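What follows is subunit A paired twice: with subunit B in the first complex and subunit C in the second.
This part shows the complex of A and B:
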């Protein structure tokens, strides 16, 4: 709590701070009352609300406030409303923290919600998801609330409401999507309950609920339990192993814009925001905790990307990547060094950009073709050039190809791991392992995105989709903007983005490796330009046409361009085949495992309830006698 | 201080019951109008009581018999911070159930019996809550229990009769145990007034005798409150009754004549001993844990809800037990206060969301004619209000913010951690997760998940009186969250907690010392 500035000193900014949370939630509640047939009007109103709050966040971002106590303000309005101060004694419960981390996150929340709302205007048709816009706006308001809250209980309330909105942003009117909605809220709700436990323990150990005031070393069993409980909350939200299993299902069954806003961007921002708070503010993680974080990080990267490789549904494929990328962020935070944390945060932002972009392009493909299976698609690049170009940029970003943003942040993570290797401790000794797996994960990501791009956009076009055409500008505009962000964040990573956006949060640090994103980009542009010159200089006509190269696999004429066929080989590789089979049986899904156990126990207990009255009477007297025997 | 309103809580519904029985035969619709007016009046005076009392204790001495030599004689009716809360929920849920019944019960014959028994049950519960002596607790308990036996059997089908038979037999065992315990107390102390019994016991007692009495009463009222292992009658009885009655039974009856009396006797009559406190906590934990596992596998909506009542009552007992353990060890009083406040808060919340859930189940049954989750699906389109209110109630019981159940579970878990019962806190959290799972199952199979082989869902939205009750209860579920705000908490929860924490306050009002 270094700079505690209260209401009186900065009245101009503070007077509207609470509106950032209040306006979207109130607007959302009002929109519930507007009938569904005016969905267009609802959409436009929502965009207007997101613009207003976006303006407020930008104003907050540029101000110098660090922390605001809203108690006085709320107490005053309470006095005028009810005549008595009902909130007397809540001191500290309504404190809002606006340090650089929160400011950074809320700006991106505003950005993504605005772009995705714009996309939804054309994408969400009446009857698709009931009350889409109201729940969207409540999501927006509660996300601000969760990021700005300093008090852990206030944070918990906002955080919990986000689970409901996640549940409500999926249609639920058929077998699969209702099962997914149920699974999602059970996992999220379970993690929230574990979070309550963690926060209660934290409160018990430190006597405080203010995120700013707590700093607990993980040196005893209680502190470790609290740390792990909070991690569970953060991991489930962000979608990290082993609590990630809702993300792929949700991506598959929810409308693409819902996946883009929650699992792809806001849940990542919030989950990793909370992870940042846990590892840097609330706790001082010990060596073993770092080891835990790093192992979970790399496990997440590898397992999710392996699952992504064998998917045929492109939305589910994207869902697995949404999990896999979280692994990099966790690895970054596991390192604990400044560059690691910076890399984690930077990767979080980059990932939210390209992942929401990918989901939006998935939405475009789905809208134009009505098909979710890669096997059935192909050759859409000519029909949908803008979508193709944007998707290509997103795919290259996520695969970590320079000069796009994904490369910039992954490179920082690699550098962080190498630096970390110089340190003492068991986690540092294993640095080669972390590095190797992280790089391997990146390579596999590339492999699976070749499948996505190749399978959907390249090759021969399926005759069923001859008439497919580009989506409306309202839908491609947000994608193009996100793609531009991908390029911008990549090219100016070392010169502008990291020093201006990330370093205020983490503090100054030096890049160790010799790498300048501007220079690298320049070299790439030069080489591309040279290529174009060569291409133009040598006559265009001297081409030869060959059948598509598909990695030496046998060519199936009838399936056209069977990109996914190639990936079957992975699934057939002996040790992996077994793993995939078990994964398909949901043996690794924490949700299904616990479900089986609970139902088994439930069945056992129900068997005792035979409905025979004498047995029940015997229970009563047995209970009475046992109590007497124990007590007397 | 004599409060002339106190006897009205019993007298008005009793009078209503008899009038409905007699006049209901001759005047059309007299029954439903009279019952609604009686309950409305009770709601108004109980809300007046909670606002005006400000947490003070008021006593009504029936017949004006003053204490002689500081020994109370005659019948005392006591209204303090705790009983006024229970009065409020009993009458409020009662009013909403009666309004709901106007449409729901019209399918049955002899409606005036229904309303008459309903008023009788409410009179019994109000009597139990207000009684200051053990014998009147027993009398009023029997009034409400016997009317509830009849109400459970109101459908007069095979299932109902079987359920009510089990309920009566086990209820009879409970009454026997309670009467036995009361007899033991009277034998030694020569008094039945709760405050006076405490005074007499404070001069010394035989330990084994004292434990025997405590355990007899705990088992007896535990049977009424359906604490495991005394729970076996509840799933049958609560699921077979007509839905507004299920809402009353699960929402308030098990609290008013079970949990309320246990908490009242063990805090205000007996001196809290650590052994009993641990025993009560164990029973609460068992109920909470086993109840939820029994519930999660059910496919009959009302059975599922009934098992959840056991589990949720487990929370209340567990939290009160934690408070008792801390008081008996004479450590961390502020945590004990927190635990007791959490227990009372959860009691109130459970009344709201569980009765709403039973009303929802009734609406589904009314509309589709089935209680089996496997035969439903896609009702969110045809029954939007039922779907919305049941969503609110499901999230409340599962402890999801911003609904009331979240805050009470939060307080209970925090209190358990602060009292350093980490295992109990973890179990409470686990049970909360499984509760969530089983209610999302209910949501999924009833309201979403369109059944593919049925082209058009049968259900349509229920009549207005039923919708009215459900909407009001849904709003109450949301508004009860406000009890966590300190200003409101001071007004409602703190007086109740104080009277339980400090038994001398209770005693002094009655014996006049």
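This part shows the complex of A and C:
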């Protein structure tokens, strides 16, 4: 995208850019000073800030500027020490790029943060998470910064702060959630370290830190290492195999609104944004790198969805799906064709919409019932009709059912894979494998969402939740809006959304096959209407009432909707049972593996501590002698 | 050259004591031996055969003097060494009061 660079001198737009990053961060810091007692006021202020920045992002989205250096900021800096401007000479690093990709991402960041802040007003009660709103706003400002930064060092600074805010948005009051927070911090921190190494290698190879200027083919070993190192950074943020393990735990222990903003929407947007930068701007991935991306993509889809199938905690189930969907985006970027990249981006946006919606509905269910286990719930559809309708739309979107948005982007990915199969090379030869696994993953997603919807909303109501009622409008309004987005993005996918939003980023391309989302939606609506007419006209009076169909399993009296039994059968199936057992023992968790390694190493080292003086003296002198030998 | 080697052997003797003895007082004595081997080495560096103390005699400008710098240094170091030895003994006395023994194998709360 190098040909688009134009350094503009529009002062108005330049200051937009500064304010977009600094208003939320400054407001966040100020909100630290407001006592927790006034949490409602803090919330309203945060919503106002997100509205202001949302307006700024929209203004930026419609403007034409491409790239700016923040010279103004450097010149007017108040960071002076003894008359010397501390920021002097940094204008080379404070460069900001606003190509169509960045513009697209920041608009959606604003959208999600506004909706989720609205939800938080009713959801986050005093004392739930310490300093929720300040950290949220800092997250918001830094996300804008990370997406807009052109210089890799500037990007890295914002990216690093986001790792900390992720850690702070989880309560950490009890043992389990603080363990999760620690796990998140360690995984993100470790991946950031690898990312820094990758950027250092990139700098060594090209001598430049500007994203726009670098375009490196992965033909030598150093370039491949740098590519993989940057991938690790983006994969951990987005939550792809094998660095995904913080996502399910985080979604289980963090408040639902935290999961909705970070693992579900913002981290996806950022991680996949960075993946897009890596694969399209910074590097020109070679054949083997494509193979790597594709295999990681499909592995992520399948493993995460298999784990989601056997979960009983609905928040954890959603967490595994947050991982599984990333696989589709990686597959899209792995294809490298225009339609593949477009599909990856489109799926990222769609996924952020329905996944944050799902987390929000999980938050509603949790608030009304206080129960996180699917087996204990059931029959909430009558009590919470709006939540049910919204969740159903989200669930159908994520399972890829037309005309919702999940189908539109998944269909583009399938198209991309089929196109890709025509190309030369080993990755293209395996196209049937990629396609088959991607479709299988989608089917399994549907299976696990039948469990979610069925187990929570359908079946018999548990007597404990007789008094459960619909959540407050502040909580359902964001969900309804997200659900409308799901429908809108699905129905107008091929006619409006993709040509208007995605094509400016990737460039023009043609869809293959006959798929017109508007027409198909019309047909679906007509068929549903016909069905309703038939139902009403024929007026079926005589119908049987039966117990719920449970897939041939034995009926248990105490569970409301006994689908979990069916999923237990999957878990007991021989070859899968072995895998699930190993997964239960956390054999595939990179965090636990490295934890075991570190503990083993420190155990070995602690054996050297005999506590007896002569042993230490011998160590000291041995070290001294080795040092002398080296120095001589 | 031989004297330097002898100093080194004296140093190793002290080191051997530090490593092998179990009695804390004996370790302190061994440390003192190591210390004094170093002092000896430093004093020997400034020594010249047939030289006299460095008191300048204007009548005889060709007189050979020993180097006064190492001597001054060693004098300082002896004082410091005395202080550290006293400190060491104080620690040893405290350890004896706490554990009731001088045997360092009994005193191993640092064990990992």
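Basically, the second predicted complex is superposed on the first by the 601 of 632 C-alpha atoms of A that agree within 3 Å, B and C clash if a C-alpha of one lies under 4 Å from a C-alpha of the other, contacts with A are read in each partner's own complex, and residues count from 1 in each chain.
As a working rule, contacts are C-beta pairs under 8 Å (C-beta built on N, C-alpha and C of every residue); 3 or more make two chains touch, one makes a residue touch a chain.
As the structure is a prediction and not an experimental result, all values here were calculated from the model.
Student: Between subunit B and subunit C, whom does A:185 touch in the aligned arrangement: first, second, both, or neither?
Tutor: After superposing on A, A:185 lies in contact with subunit B but is clear of subunit C.
Student: In the superposed arrangement, does A:174 touch subunit B (first), subunit C (second), both or neither?
Tutor: first
Student: Once the structures are superposed on A, label A:422 by its partner contacts, choosing first (subunit B), second (subunit C), both or neither.
Tutor: After superposing on A, A:422 lies clear of both subunit B and subunit C.
Student: Of the partners subunit B and subunit C, which touch A:613 in the superposed model: first, second, both, neither?
Tutor: A:613 sits against subunit B and subunit C alike.
Student: After superposition on the shared chain, which partner residues are touched by A:605: those of subunit B (first), subunit C (second), both, or neither?
Tutor: In the superposition, A:605 touches subunit B and subunit C alike.
Student: Check whether A:627 is in contact with subunit B, with subunit C, with both or with neither, and answer first, second, both or neither.
Tutor: A:627 contacts subunit B only, not subunit C.
Student: See if subunit A has more residues touched by subunit B or by subunit C, and give me that chain.
Tutor: Counting contacted residues of subunit A, the larger count belongs to B.
Student: Now for A:160: first (subunit B), second (subunit C), both, or neither, which partner does it touch?
Tutor: First partner only.
Student: Residues of subunit A that sit at the subunit B interface in one complex and at the subunit C interface in the other, please.
Tutor: In subunit A, positions 605-606, 609, 611, 613, 617 sit in both the subunit B and subunit C interfaces.
Student: Of all residues in subunit B, which touch subunit A in the complex?
Tutor: 165-166, 169-170, 173, 177, 208, 211-212, 215-216, 218-219, 222-223, 229-230, 232-233, 235-236, 275-276, 279, 290, 293-297, 378, 380-381, 395, 398-402, 406, 409-410, 413-414, 416-418, 420, 422, 425-426, 429, 432-434, 436-437, 440-441, 443-444, 448-450, 452, 485-488
Student: Which residues, counting only subunit A, touch subunit C once they are in their complex?
Tutor: Interface residues on the subunit A side: 605-614, 617-618, 621.
Student: Looking at the complex, which residues from subunit A come into contact with subunit B?
Tutor: Touching subunit B from subunit A are residues 78, 84-90, 130, 153, 156-158, 160-161, 163-164, 172-175, 177-179, 181-182, 185-186, 189-190, 192-194, 196-197, 200-201, 203-204, 222, 225, 595, 598-599, 601-603, 605-606, 609, 611, 613, 615-617, 619-620, 622-624, 627-628, 630-632.
Student: What part of subunit C is in contact with subunit A in the complex they form?
Tutor: Listed in rising order, the residues of subunit C that touch subunit A are 15, 18-20, 27, 104-105, 108-112.
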